[in-house]
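Given below, in the form of C-alpha cells, are the structures.
Same chain, two partners: chain A is paired with chain B first, then with chain C.
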Partner chain A sequence: MSDTDRLGAGGWAILILTGLFFAVPLVMTAAFSFWEGGSRYGLEAYHVLLASPKLFEAMALSIELALATVAALVLLLVPAMIFMNLHAPKLRPVFEFIATLPFVVPAIALVAGLSALITGPDWLIGTPFYLVIPYFFLALPYAYRSIDVGIRSIDLPTLTEAAQSLGAGMGQTILWIVLPSLRSAMVGSALLTLAVVFGEFTFANVLLFHTYAVFINEIGQHQVTAAAALSVASFLLTWGAMLGVLVVGRGRATPIGAR
Partner chain B sequence: MATVDVEGVRKSYAGREVLSEMDLRMADGELICLLGPSGCGKTTLLRIIAGFVRPDAGRVVVGGADVTRLSASARRVGMVFQSYSLFPNMTALDNVRFGPRVAGLGKPEQIQRARELLDLVGLSAHEAKYPHQLSGGQQQRVALARALAVRPQVLLLDEPLSALDAKVRAQLREEIRRIQRDTGVTTVLVTHDQEEALSIADRVAVMNGGRLLQVASPATIYRAPSHGFVARFIGSGAVFSGVAEGGQVRVEHLSLAARAAAEHAHGTPVQIFIRPEKVRLQAMGGAVPDGAVSGEVCETIFLGALTRVRLSVHGTQTPLNIWADLASEHAEAFQPGSHVVAQWDPDAPRVMAGGDTAD
Partner chain C sequence: MKAPIAWVFIAAFLVVCAVFLIAPTAMLAVQAVTDDDGLTLQYVATLGEYRYRVAFAHSLYLSLTSATVGVIAGGLIAFAVLKPDAPRLLRVVVTSFSAVAANFAGVPLAFAFIATLGSLGMLTTMLKNIGIDLYAIGFSLFSITGLTLVYSYFQIPLMVIIITPAIEALRPSWREAAENLGASSVQYWRMVGLPVLAPSLLAAWILLFGSAFSAYGTAYALTSGNISLVTTEISAVLSGNVSSEPQVGAALSVGMIVVMVLVLAASHILAARASRWTVKS
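Entry: the complex of A and B
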C-alpha cells in the first residue's frame, strides 16, 4: 500500500484545508492586482509598476545589498565554521547561540542599537551598504543552518586529514575539496539570504533607504492594486529562490556522474 | 619504501596517558599490524606516525630521517581511513590523481599514474564514478589506490575494513596483502580483528592500556604468547594462575601437566595457558590420569567442522573452565551434564611468569 493510499479521507481533508489556507490569500491578492475598478480586470497595475523607474532602482538596490550580504556571509561565516569544525568543536554551542540571537532580538531593537553604536568610514556609514551589517545578522540563522548541514554531511575532519596525508596544504584542501563539497549548502544559504534581504522592511525604512520592500510599502499607500501586483511579484521572486534551493539540493542527491 | 622507528613515544590527553614509552621498529617492506582492544592507543600511535598527532615525548624516524616535527602533508605517508574518506566532489580517477596533482606532476602523468593504480586495485572500469556510486569495498579500494599514488614511504591503514561486511572484508584483506607485496611499501595496519591481523601481517604488535605487550610473527603470537593478556586476547583458551612445580603447575589442589613449568623456579607464581585445540576429552571411567583433570560439560558450541566444549573442572574452590575443540562428529558424546576427563600433551601448555590473570 502506498503512502497516498494510507492518507485516508481525513488526511486529504487536512491537506486540502492547509493548501487553501495558503492559496486563497495569494489567489485573491493576484486577482486584486488585476482589478481596474468596477468589473474591469487587466494589467494596468503591472503597467504602472513597469513604468516606474523607482521600482527598478529599489530592486537594483535590494539586489546589490543581497549580493553584498551573501559575499559577507561567504567570506566570514564559511571560513569561521570550517575552522570551528576542524579546530574548535567546543565552540559549537557559542556559534549556535549567536546564530539564534537574530530570532530573539526584535528588529526594531537592532535598528536602535545599530543607529546608536555604529560609527565608521563614510563609504559605509550613510550609504545603503550600511544595511549589509544588520542584514548579515538577519540572514545568519538561515545561512548558518544551511552551511552547518552541509559540513555535517561531509565528515570534514577526515576529508581534511586525507587531503593533508596526500600532501595538500590547508588552502588547497579548502579550495579543491571543502568548498566544492559545500557548494549546494552555500548556494542554499545564498538563496535564503536573497529572500531575507528582499523581504526586509524595518531596517531600510527606519534608516531611510529605498529598498524593494520600502517601495512596496510606499506604493501601497496610494496605489493599492499596484502594491498587490508587487506582492505577487515578490512571492514569485521568493518562490523562485526557494525553487533554486530545492533544485540545487536535488542536484546533490542525484548521481553527479549522470550529469 | 623505508624503515619506520618509533622511539620512546609518549602521549597523554587531559592527564590520561594513552601511550607510554612506546618503542617499535619496522623493517623496510614489512606489514605490521597494531592489534588491541578499543582504547588501547593503537590509532593514536598510527596518527602520530601520520603526523596528525604530536607526541609529548619521543620521536618518529622514517627512512632514517626524524619526521617528528614535520606536518602530515610533508611526510609522504599514505593513509587509508576507517570511514570512507574519498572526496565526494571528485570521480574515482580524480581522487587517485589528487596526490600527484598536489605534488605538481603534469596532468598526463597524473592520469597515467592514477589509471595504473586503479588497475592495480581492479577498478579501472569505475574511474568515472563518484564515491556515492561505489560500494563500500570499492571506495576503500579507491582510497588505497589514492594513498599509493603519492608513492608513500609508509602506508598507514586505520581499520580500513571495519565498515565492510564479512565477505567483502575477507576479499579486500587478501587484496591489501597482495598489493602490499607487489608494491613493497612498509605498511602499518590498525585493527581490533585478530583474524585480520594474524592472516595478513608479517608481525603483529599487541597493545593494551597504551603499552606494547608483544611484537612477533602471527604464529609466535598465537602459539607462544609472552603475556597473559596476549594469551587471552588472541584466539581462545584457558589461563589459570598457579605455582610452578617441576613439570607441572599446581592450581589449588590440582596438578596440571606442563613441561614448560620446569623453566620456572619451584614454587614461583606462574600462569598456565592451554589452547582448546590441544585439549582431548574422554568419558570418565575410573581414575583420573596424572596431570589431567576431571570436569562436567557445561555447554557445547557448534562451529561447523568443530564443536567447542566448555567444562567446569571438578573440585576447585575458584570455578575453573577449560575449553576443548572437537571434531563435530565426535562431539555428540559430550553433552552438557556428562562427566569427562580432559588431558593434553605436557608440551602443549604455555607457562608464563606471574600469577595474576587480571591484567
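Entry: the complex of A and C
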C-alpha cells in the first residue's frame, strides 16, 4: 500500500483537532444551559422556558411556516418542473436562471426589495404566512437542484408515454407514476426545508414576525442560558431532519443558506 | 398532446417568481438611483461614505477569510476521511455530522458560541481558571476574528459536503500511473490532483464566499452593532434604527448583488481556464 493510501499521523491530527473544534461548543453550550450564576447549576433556564407561553407560540408558528413552505414547493415548484420537462424544455434556461437568483440576491437584499415593492394589501403582508413567499425562494435553489436530479434520472417522457398508452390520463400519470418516482428527491428537500425554515431569522426579524429564531434572539438578550438551551434543541432538531434526509434520500444532504 | 393544465402550472410558477423575486430585485435597482425628482446618484454615492466603506470591507474580509479557512480545512478533512484505509465508520460520522453542522447556523449558532467563548462562556471561564485570560490577551468573540471562528463552524462542514464527490472522482489509476512514472506524492498533487480538482475547489470557494457574504442572523446576534457588516447595515436601515433613507438600503443591497455577480462571473472565467484539466468520464 502506498504512502498516500494511509490516513497517517497528520490525517489523524487534523481530524482530532477539527473534531474538538466541532464538539467543544456543543458540549459547552449544553453545560452552559444549566448554569445559574456563580458555581450553581440547575434547571432554572428550562423552568423559565417552560413557563413562557411565547416560546410555544413561536415554535408553533415556525412549524406551521415550515409545513406551508413545503406545501408551496410541492404545489408550485414540482408540477411546474414536471410540466416544463414534458412540454416546454425550451424554458429550462429560464428555470435555471430563477433557481440561481436566490443565491445572487442575498436574503437581506430580497427582504429590502420586498418591503419596498409590496406595501399591501394587509391580508397579505399583515399575516406571518406572508413569510412563506420569501421562504419559498430560500428553499428554491436546492429544492430545484434535487428535484431536477430526480427528474433526469427517471426518463420522464418514456414513463408518461407508457402510462398514457395504457390509458392513464394526465392526472393519473402524474399522481401514480411521476410523483412516486420523485419521492426520495421530494422527501429529502422537504426535510431540509423544514430544518431551514424552522431556524430562519433574516426575513422574520426584518418583517417583525415572532418565529422560533426571533424568540431565541429575544430571550438571549436577558437570559443567555435559556438561549443556550434552545440552541442545543435547534441542533438536535437539525440533526433529526438531516438523519431523515440521509435515510430517505439515497442522495446527499445538500446544504443551503439560512445564515 | 394538448395540456392546458400544464401551462397553468408553469405560468403560475413563473408569475410568482416574477412578482415576488424578480420584481423586488428590479425595484432595488430602481430605488437606488431615483428620488422624488427623478434620477439621482446621491444614494449610490453614499456607499463611498466611511461607514459603508467599512461595512463592505468587513463583509468582504470576513467572507474571504472564512471561505478560505473553510476550503482548506474542509478539503483536508474530506481528503483524510476518503483515504482508502480510513475507517468506514469515521467516514459516515464525518459526512453525517457535516450535513448537520452545515445547516446549523444563524441565531442558535451565535448563542452556542456566546455560551462557549463569550466573556462569561464556559470555555472562557475554564481557561481563566487555569490562568489563560482570553479577553485580556486580546481575543474577543465579538470581533472579526471571533466572527471568522464562528463562521468556520458552518463553512468547514459545507466544504466537506461539496468537495466529497469531486475527491471521490479522482481515479486511483491516475495516481498509480504517476507513481509508476516515478512521481512523488507531492509531485502527483502538484501536477495531477490539484489541477484536476481546481474547478471544483473554485466552485466550492465561491459557494462558501456567498454563504458568508449573505449571512445575517449569526452576525446580528453576535455583534449587535459592534462591527458593521453590509447585511446588518441594510437591516438597520430597514428597521429604521439609523436615520438613513430607504434608498440607502436599496443602494447597499444592489452593492451586495453586484459583488455576488462579479464573484460568479470571475469564477466562470477562471473555471473556463481551469476546465482544460477536466477529464470527461
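Heads up, the rule we're going with is that the second predicted complex is superposed on the first by the 237 of 259 C-alpha atoms of A that agree within 3 Å, B and C clash if a C-alpha of one lies under 4 Å from a C-alpha of the other, contacts with A are read in each partner's own complex, and residues count from 1 in each chain.
As a working rule, contacts are C-beta pairs under 8 Å (C-beta built on N, C-alpha and C of every residue); 3 or more make two chains touch, one makes a residue touch a chain.
Note that the structure is predicted; figures quoted are calculated from it, not measured.
Asker: Here chain A is shared; do chain B and chain C fit on it together or clash?
Answerer: Partners fit side by side after overlay.
Asker: Just chain B (first), just chain C (second), both, or neither: which does A:166 touch?
Answerer: first
Asker: Determine, under the contact definition given at the top, whether A:86 touches first (chain B), second (chain C), both, or neither.
Answerer: second
Asker: Going by the contact rule stated at the top, is it chain B or chain C that touches a larger number of residues on chain A?
Answerer: Residues of chain A touched, chain B against chain C: more for C.
Asker: Return first, second, both or neither, reflecting whether A:177 touches chain B, chain C, both chains, or no partner chain.
Answerer: first
Asker: Does chain B (first) or chain C (second) touch A:158, or do both, or does neither?
Answerer: In the superposed model, A:158 contacts chain B only, not chain C.
Asker: Once the two complexes are aligned on their shared chain, state how close chain B comes to chain C by Cα atoms, in whole Å.
Answerer: 7
Asker: Give me the intersection of chain A's contacts with chain B and its contacts with chain C, in residue numbers.
Answerer: After superposing on chain A, chain A residues 164, 255-257 contact both chain B and chain C.
Asker: Mind pulling up the chain A residues that touch chain B in the complex?
Answerer: Residues in contact with chain B: 154-155, 158-159, 161-169, 172, 176-177, 180-181, 183, 255-257.
Asker: Over in the complex, which chain A residues touch chain C? Could you list them?
Answerer: 1-7, 11-12, 14-15, 18, 21-22, 24-26, 28-29, 31-33, 35, 76-77, 79-80, 83-84, 86-88, 91, 94, 98, 101-118, 133-134, 136-137, 164, 170, 192, 195-196, 199-202, 205-206, 213-214, 216-217, 220, 224-225, 227-228, 230-232, 234-235, 238-239, 241-243, 245-246, 252-259
Asker: Contact residues on chain C for chain A in the complex?
Answerer: 1, 3, 5-7, 9-10, 12-14, 16-17, 20-28, 31, 73, 76-77, 80-81, 83-86, 90, 94, 96-97, 99-109, 111-118, 120-123, 152-154, 156-158, 161-162, 164-165, 175, 179, 185, 188, 210-218, 220-221, 231, 234-235, 237-239, 246, 249-250, 252-254, 256-257, 260-261, 264
Asker: Any idea which chain B residues touch chain A in the complex?
Answerer: Per the touch definition, chain B meets chain A at residues 50-52, 71-79, 81, 83, 85, 87-91, 98-99, 102-103, 128-130, 132-133, 143, 146-147, 149-150, 156.
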